[in-house]
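Note that the chains are named A, B and C in the order they appear, and that numbering of residues resets to 1 at the start of each chain.
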Amino acid sequence: MASPVNTPVISAKSLDLTFQTADAPVQALKDVSLDIAQGDFVSFIGPSGCGKTTFLRCIAGLETPTGGTLTVNGMPPDEARRARAYGYVFQAAGLYPWRTIAGNIKLPLEIMGYSKAEQNDRVARVLELVELSDFGAKYPWQLSGGMQQRASIARALAFDADILLMDEPFGALDEIVRDHLNEQLLALWARTNKTIGFVTHSIPEAVYLSTKIVVMSPRPGRISDVIESPLPKERPLDIRDSPEFIEIAHRVREGLRAGHSDA
Amino acid sequence: MSKVLPVLAVVASIFTLWYAAVPFMNVKETLTGLERAGTTVVPDNPIARRDASAVALVLRNSFAIPATYAQERPRLPAPHQVAQDLWETVVLKKVTSKRSLVYHGWITLSATLLGFTIGTGAGILLAVGIVHSRAMDMSVMPWAIASQTIPILAIAPMIIVVLNSVGIQGVVPKAIISAYLSFFPVVVGMVKGLRAPDAMQLDLLKTYNASGSQGFWKLRLPASMPYLFASLKIGVAAALVGAIVAELPAGGARGLGGRMLTGSYYGQMVQIWSALVFAAVLAASLVLLIGWLQNRTLKRMGLL
Amino acid sequence: MILVLSALIIWIAMWGLNTRLANGPHAETRFIRLLVPAIFGLTILVAWELLVRGLAVPLVILPAPSHVMATFFSELPTLWLDFKQTFLKGALSGYVIGCGAAFLAAILVDRYDFLRRGLLPVGNFVAALPIVGTAPILVMWFGFDWQSKAAVVVVMVFFPMLVNTVAGLQETTVMQRDLMRTYGAGYWATLTKLRLPAAMPFIFNGLKISTTLALIGAIVAEFFGSPTMGMGFRISTSVGQLALDMVWAEIVVAALAGSAFYGVVALAEASTTFWHPSHRK
């Protein structure tokens, strides 16, 4: 199942993306090259307009690059999308209000044609994974924001794609909830060994979660630094007070500042 | 251009369908007329024709197709017949003539405008009362909402006759029906609008220690404008429908409703269509006029 | 004179009572919320009765509520016949056909952007027109019986329903549509799993507006010709005979039918769109 470690799961080579707007073309991505290996936890960080979300959407096949090459599982992104290669978590939970939590998680399974029994099995399994087992019959609007976002992660996990793409999934939550969800996300990643692409604008979040931090800068959107994290895979919350952590965070901040000054 | 083109295409296809339908709708009467004038038609007896389908008749008497577009009393007039009738009754006839659509249109429009003004005024007043008195809100509001589910138009004939019997005639009874129809949409929309300011905006005024009337003039009333205009559009369309329906039982054959009714009595389809088109243009102009006022007002208030 | 005075007194007493109830400590309870409008309605009926009797208002101007009620019950068979003709045959069949056709048309219009951009402005335009005016034409085409009434109703409800459904189908957010794309979902899966459920509040709005329009269309169309029964027929002939008690009895039927029709649709809405913010409990 798992591809050999040396062939990247996601591979971008000098990717360009230019949006045609009414007044002038906007270069959202310029010459972006990046390899992501199986089991990596990659964060994309940068100020708004740096193209981090755009890059994630390119990987998902929701945007089409105007230049360069991009492969996901060795396929073009659009093909990978149709092969259901990844689960995607948006900024907001985006659960359908007319479906229960369990019904929402079943949604992709129904579309992909799983049997009823299989659907129920999988719903139970991913609900347990995000610790929402008791809430399957509730409606989204009866749950807190943090619980809703956990349900949306469960929805992305339900069909067992090897890749999980997350676009600032915790951006709208308060810090205490966010810490808790970060911890849970790491535990989940350790258990499932998925490849995760994670967009954020929080430096501590990026450093705490990632094996690889991609620092991006705006106008035009590009990669200004890629930091391999030396932190161990096992990360308690208080690792954030360790000198290594603080050093990486410092390097990220330097990278962001450098990107800003020449913008 | 990309906006106009689809609309033009839809309108063009409506006219095409209309023209295409004319022969089938009119073929039976046309053939009867032609036969009477001595032309041979197939089949040649009226009873067989009655039982035949319109499609078969058109196919077997294709020579009669041009004549279907020029019937004196067609079941479905062709667009150009309606246009010609409109031209004659709107432009060529003197506006004082009983056969001028402008004359009849004005009769309907005056009742509409009078009723609309009364209904809107009363509606706004009631809405203000409802917003300021809890007792009024709880007593009246449920009925105002429930009354929208009732076919109020059905009582139009009664109001006309009752008012006639106490000696009120002419424009007033029709205006009352128009007022009645435009009243409820305005009440409901205006109440919503006057309640539109949120708690924070109301609290801000409280911190200024503003009085109730200051709160009304400086916050509630301006905030209600988008809602007011939305319900005015509904109200004016309803007022016009009210005036037209009110003219049905009046029997005087005056106004656009009267034209429709006499047309229906005498089988003058063209006359009904002209009145209908005229009423449609009138309704559209009234709604557009209010839309224009809305645009201007809201822009001046910075709400657009 | 005594009757007129007592009408006045009852009115003032009601207003005092309602003011106290509405500003009282239990004003927000369900019971009071129902009681206050009920008292108001009852007072109007009582005042109406007393004023008609006290001022000896002639029947041809305004019958007393008790008189209307008496007529209502004694003429029940006729009223039922009219109700069957106008509501069950004319309004209801037209409603089902018109709303059904508009729903299918909306899905088609939504599928093809060109159609949407062309038909929607036209639909919006037509929805504001006095469509009741097509009644004489349709009566001439479809005859005096209920079929022509159903046809008027079809024309009346079609465009409001179309415009509402199309607006509802546009209601999804970019994120919801992107989510469906990440699943590689096709047109039909997106339609049935996302866009139709999201459109439900709008669809029901169209259905609710159409209930009233259907009844209006069916009644007014009868003013242009009908068999010797039907609510519109009865209203126009009774007005001619100055039998206003019968007119009011028909109005009672129309009001009951109209609000019951609306109520049924609203109930269906509440059970389908329970998730919408306006319905959440």
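Going forward, a residue touches a chain if its C-beta (ideal position, glycine included) is under 8 Å from a C-beta of that chain, and two chains touch if they have at least 3 such contacts.
As the structure is a computational prediction, the values presented were derived from the model and not from experiment.
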Practice task
Please indicate the chain closest to the centre of the assembly, with centres calculated from CA atoms only.
Solution key: C
Exercise for the section: Determine, using the mean of C-alpha atoms as each chain's centre, which chain is farthest from chain A. Expected result: B
Handout entry: Approximate Å spacing (C-alpha centroids) for the pair chain A, chain B
Key = 55
Problem - Between chain C and chain A, distance of the C-alpha-averaged centres to the nearest whole Å - result: 50
Handout entry: Interchain centroid distance [CA atoms averaged], chain B/chain C, Å
Key = 18
Practice task
Specify, in ascending order, the residues of chain A that touch 2 or more different other chains.
Solution key: none
Handout entry: chain B residues within the chain C interface of the complex
Key = 2-3, 5-11, 14, 25, 75, 133-135, 137-143, 146, 148-151, 153-155, 157-158, 161-162, 165-166, 233, 237, 240-241, 244-245, 248-249, 256-257, 260-261, 263-264, 267, 269, 272-273, 275-276, 279-280, 283-284, 287
Handout entry: Residue numbers on chain C that touch chain A, as the complex places them
Key = 173, 175-176, 178-185, 189, 193-194, 197-198, 200, 273, 275-277, 280
Fill in the blank from the handout: In the complex, chain A touches chain C at residues 60-62, 81-84, 86-88, 90-92, 94, 96-98, 107-108, 110-112, 139, 141
Handout entry: In the complex with chain B, residue positions of chain C that touch it
Key = 15, 18-19, 21-23, 27, 32-33, 36-37, 39-41, 60-62, 114-119, 121-122, 125, 128-130, 132-137, 139-141, 211-212, 215-216, 219-220, 223-225, 231-232, 235-236, 239-240, 242, 244, 247, 250-251, 254-255, 258-259, 261-263
